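For reference, the structure is listed below as structure tokens.
For reference, chains read A, B, C and D in written order, and residue numbers begin at 1 within each chain.
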Amino acid sequence: MPRATIASFQIERLEILGPQGEVDAELLPDLSDSQFLRLYELLVLTRLADERALNLQREGRLGTFPSSLGQEAAQVGSGFALKSQDWVFPSFRELGVFLCLDYPLSSYYRYWAGDERGLLCPPELNIFPINIAVGTHLLHAAGVALGARYRQEMLVAVPYLGDGGTSKGDFYEALNMAGVYQLPLVAICQNNQWAISVSRQHQTAAQTLAQKAVACGIRGIQVDGNDVLAVYQATREALERARNGGGPTLIECETCRMSDHTTADDARRYRDPAELERWQARDPLLRMQRFLESRGLWVASEQAEREAALKQSVDEAVVAAEAVEPPQVADMFTYTCAELSSRQRQQLKEAEDGRT
Amino acid sequence: MPRATIASFQIERLEILGPQGEVDAELLPDLSDSQFLRLYELLVLTRLADERALNLQREGRLGTFPSSLGQEAAQVGSGFALKSQDWVFPSFRELGVFLCLDYPLSSYYRYWAGDERGLLCPPELNIFPINIAVGTHLLHAAGVALGARYRQEMLVAVPYLGDGGTSKGDFYEALNMAGVYQLPLVAICQNNQWAISVSRQHQTAAQTLAQKAVACGIRGIQVDGNDVLAVYQATREALERARNGGGPTLIECETCRMSDHTTADDARRYRDPAELERWQARDPLLRMQRFLESRGLWVASEQAEREAALKQSVDEAVVAAEAVEPPQVADMFTYTCAELSSRQRQQLKEAEDGRT
Amino acid sequence: MAVLNLVQAINQGLQQALAEDDRVLVFGEDVAANGGVFRVTENLHQEFGEKRVFDTPLAESGIVGMAVGLAAYGLRPVAEIQFVGFTYAAMDQIYTHAARIRARSRGRFTCPLVIRSPYGGGIKAPELHEASCEAFFCHMPGIKVVVPSTPQNAKGLLLAAIADPDPVIYLEPTRLYRLLKEEVPEEPYLTPLGKARIAREGERVTILAWGSMLEVVLRAAADYDVEIVDLQTLSPFDRETILASVRKTGRVLIVQEAPKTCGFGAELAATIAEEEIMSLKAPIRRVTGYDVVAPLPLLENYNLPSLERIRAALDDLLRY
Amino acid sequence: MAVLNLVQAINQGLQQALAEDDRVLVFGEDVAANGGVFRVTENLHQEFGEKRVFDTPLAESGIVGMAVGLAAYGLRPVAEIQFVGFTYAAMDQIYTHAARIRARSRGRFTCPLVIRSPYGGGIKAPELHEASCEAFFCHMPGIKVVVPSTPQNAKGLLLAAIADPDPVIYLEPTRLYRLLKEEVPEEPYLTPLGKARIAREGERVTILAWGSMLEVVLRAAADYDVEIVDLQTLSPFDRETILASVRKTGRVLIVQEAPKTCGFGAELAATIAEEEIMSLKAPIRRVTGYDVVAPLPLLENYNLPSLERIRAALDDLLRY
């Protein structure tokens, strides 16, 4: 065999919801009407909580904030498929995932107000702290997945990352480890086309991000990231496979960041507004709304009332977030190690003497 | 398109020489008889110089040494395709490449005797210092390739690495950069099945190492690494493509490390001897010898004399290496930065006062 | 002379380096069209084009490793790491390669590379965006470390770093970016590496500081008769100037934002305790960040050296 | 009690930790069938099987990052980095994550992880195989750093590191691996972290050392009336024991193999100059590796602290 093909690979893309909300009935995930409605509600809640964060930031009540606008389906579709025992490793733009898991929105806000306590995960959940160092946290997911296999726990480790994160060495090392040990790990990549000002094309010459799985001998799939049902379905399948010993998957959700990178960014410096217009037509909320409408599940007249209820829950979260006492200087020391060194004890005393 | 294939990839393998030295005439590289002979001579020289190094190490005249035994074709086949303007980024097991490029063998020996001066590359060559930190040097090749493109120089940057090196994040970051900038870079991976005691299968779940190129949107090809003509041909094609703006390639040379990892290793602790026997049958020297024989270029009776000449050149290299004066303590300081700091001047004085 | 802030002074330095020397290339994440997240590279991409000023993929080890290759090839790469807290991923490339290429190749290849990075706290930024980790680089033979403290020295030190034949880490105190403004000469000039600057002369205490701490120290010590030494270059640091000031004052206060233990201030104290102890009238005091995981914005003020802590230390020293 | 060398003592410690606690996992490059390139993990794979003792791909950041996940999940990973010179690639995982998980999660997740690594020079090994880079880790709040110096403390400190609720870097001086032998208690025992050990009592000078330097110092100072303090844990270091010894002797010599500038010895000197300067009769001297790129074997002896340099420093101190 002088010049023979010895390996071939295909990358699939999954879409379920059409632009007008029409669906391929065969692909429709096995969900009840109330679950479809809940998915929509989570999409709306994510958007409302996000808008609210941007307002709070403008008023100086939150620090720099990364908006999820446009990416709600990628977040909610995947987050909705998670089981409570699964471990989640968020990047910094997964508001929708936190909401799917019932993480207190007030805590989420507190974190973005500059308070570590916002990341104190409730005991019934396993959400790792928000990860700022892009792409580095997939390895922690690999570690937890390895631990779970050792303990024979049926959980899946689910790291989230962006298109930019796929360029980091740690991303690759993690997926390669996941392949070697056939770990229960499902990596959800929100390809929102931008890493701050660097476009998806400039991030890698790979035609899809899903094909990065090929390098590690694991599965990769692309989904329409603005199609909450496709994201849900792909995530569910991958989770099930992982749970049953079938190994890891990389899911690329193709979507678009409709906002600035963060409140500290001004995307007009580098992005053609025409791009936003194109993606506007694929708005994930609208598509899901049309789907519900076509099934008689969405009634225009009820929308306002429902949104009001969601808004109220967001308001309550803001109140709760802002009612928290400020953190104590001792906290800096308490959480560095389990015990203070003699020098740290000295330092804590100095700090508490109020010399700030 | 609900579940559609959106991308497909094939990995090819190239073989030219059969186990008995027979060739597919259509694939035969366009080389003269004297070049075929030279290739064979380089294979033999590599083996002899390697054997000699192992002997020197045993006698305490070299430090730890990594043998090239079994990998001669991967090294010589690729090294022979290089042009003098190309920049080479060796890992630590590329004796054959150094010999192809006429790097002084005496210097090579000096380096492995623990003398930095062994890496002082002659001005007519562009060989980066031997790289010990596995997988980290592909980035330097990317940098040089980018620089060359900027300067419009027709050179190709050629990093060498092993199968183990493909697991490092830097390997991936480098190939990804090479893809983004479409750099003139050809990475030669000697997949010798082992990274010390860790087998190729344990290094990655990927079926081939060549397919790691897919993650970066660049070309990847596997060649029979014990087939000097296949390695040569694949390298030449990749170099030409790179030189003409066609972008980077990853070449996986599938071969086997027939020795211990280094003289400090004992492979019997972890490797089944049957593996060596299987690969013995594919010895790269023997295959090339049979090929030459079939073309009437190799005559058994001349072999001894030729080998004697090569051995003599190796002997001379040993003499030259050992005739060098020991390095000076000042060298440690001289080569740290262009200028000494005031503290370094003090330290140098202290060191020269002989307080060792 | 125009009045510039630190961002503008560095931007002008980069612009002039690019204009003067076609070996200079500027790259990193978001440095091109976006002009850098702090706008330090603003307009450079527009002026010099994609070949000279370009974006990279999100890969810090990759950025530095590529810069090593570019430098060894003969160019003058000026790489940006978006925040110094992300250089940890590039430590291997910095220490294993940038620092060693000259030695490993016995001078055949060198590494005239500058890594610029926003550095330090006080801007209420997210996690890892306020790191003060200069000490790591100061413990790497083969690497130089520069920290400007004013628009003037920011420009001069940058141009000196780019001209230097060896790798230089150039740390930009983000808190000062838009805080300080002063007249900056229009033409290119070099502020020599390895030389400290007496920011204020005085008699009774020597205060050693660098980067954004200098600004704090100047305020804190306004009413004290102290000599304030702005290190400017941390590695190699200016022993002679420091020791001369210590000989004069006999008292030393070191102010550093980084965690105390094994910070760069420790080296300064150790050097003085080794070479000039006989001049000392008092212990060598350090006011530093605490040995804690760097806090998020709500707690960060507790951790940064404050006017009060600096004054308390001065008062204490003056009791000897 | 059996007489063991350092390799055997560490191996015994690992074996006992694995046997006692099923949360302990040992992994790294070549630690399984091969038993580690120095044989420190010999037979562990055979005894405890693939689930407890396993090889990893060649990826240091990956090894540490995975260990962070395992630790946060509730296990007790003991990861090997084959040589400490290869930890630079894992700095980001060590400092950004291992050191911070407790703080970032406000205690919900912790990181009881041990990173073992052969460390230090004097074995004529190839480039990067002899690094002395402990100071980097000592400047990382949240990370503990331990350096054994004898078979006895090697075992006890290892078991204490594994039992510790926070991440510990455990550096094994390769030069001592087979050089030192002594009786080591068979049963498991803990040598507490954070405590120095008086290796020899004496009156006229306090010598501070750790790891393989201790062995050199003991030889160099055989004929001097000095107190030798073996740090054992560098971070957090035992201020009380050090300062007490300085109060007694009034003279200090610090011996460190790493490059001088910003080495861990600087912190010791700075601490003494800050807290105990009034006891000093002489400058604080440091004998260290030079500020140079670590040389290959032919030059390495010039760089390592030698008996002569240590004695010259002692003689000098005793002139005060």
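Basically, contacts are C-beta pairs under 8 Å (C-beta built on N, C-alpha and C of every residue); 3 or more make two chains touch, one makes a residue touch a chain.
Computed from a prediction, not measured in an experiment: that's the story for all the values here.
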Touching both chain A and chain C we find B, D
Farthest CA centroid from chain D: chain A
The distance between the C-alpha centres of chain C and chain D, rounded to whole Å, is 30
Here the gap between chain A and chain D, centre to centre from mean Cα coordinates and rounded to Å, is 40
Chain B to chain D, mean C-alpha position gap in Å, rounds to 36
Chain A and chain B have mean C-alpha positions lying a whole-number Å distance apart equal to 43
Shared-interface residues of chain A (touching two or more other chains) are 116, 133, 136, 167-170, 173, 176, 180, 202-204, 331-332, 335-336, 341, 343-344
Multi-chain contacts in chain D, i.e. residues touching at least two other chains, fall at 56-57, 59, 61-62, 85, 89, 92, 96, 102-104, 127-128, 141-142, 261, 290-293
Among line, ring, star, complete and other, the chain contact graph is complete
Counting only contacts in the complex, chain D reaches chain C at residues 61, 85, 88-89, 91-92, 95-96, 99-100, 102-104, 127-128, 133, 135-136, 138-139, 141-142, 235, 258-259, 261-275, 277-278, 280, 282-286, 290-293
Residue positions on chain C within touch of chain B in the complex are 25, 51, 56-57, 59, 61-62, 64-75, 77, 92-93, 96-97, 101-110, 141-142, 144, 165-166, 194, 236, 239-240
Within the complex, chain D is touched by chain A residues 87, 116-117, 119-121, 128-129, 133, 136-148, 150-151, 157, 169-170, 173-174, 176-177, 180, 331-332, 334-338, 341-344
Seen from chain C, its contact residues with chain A in the complex are 29-30, 32-35, 37, 55-59, 61-62, 85-86, 89, 124-129, 260-261, 290-293, 295-303, 306, 308-309, 312
Contacts from chain B onto chain D in the complex sit at residues 63-64, 92, 111, 113-116, 132-136, 164-165, 167-170, 195-198, 202-204, 264-265, 269-270, 326-327, 329, 331-333, 335-336, 341, 343-344, 347-348, 350-351, 354-356
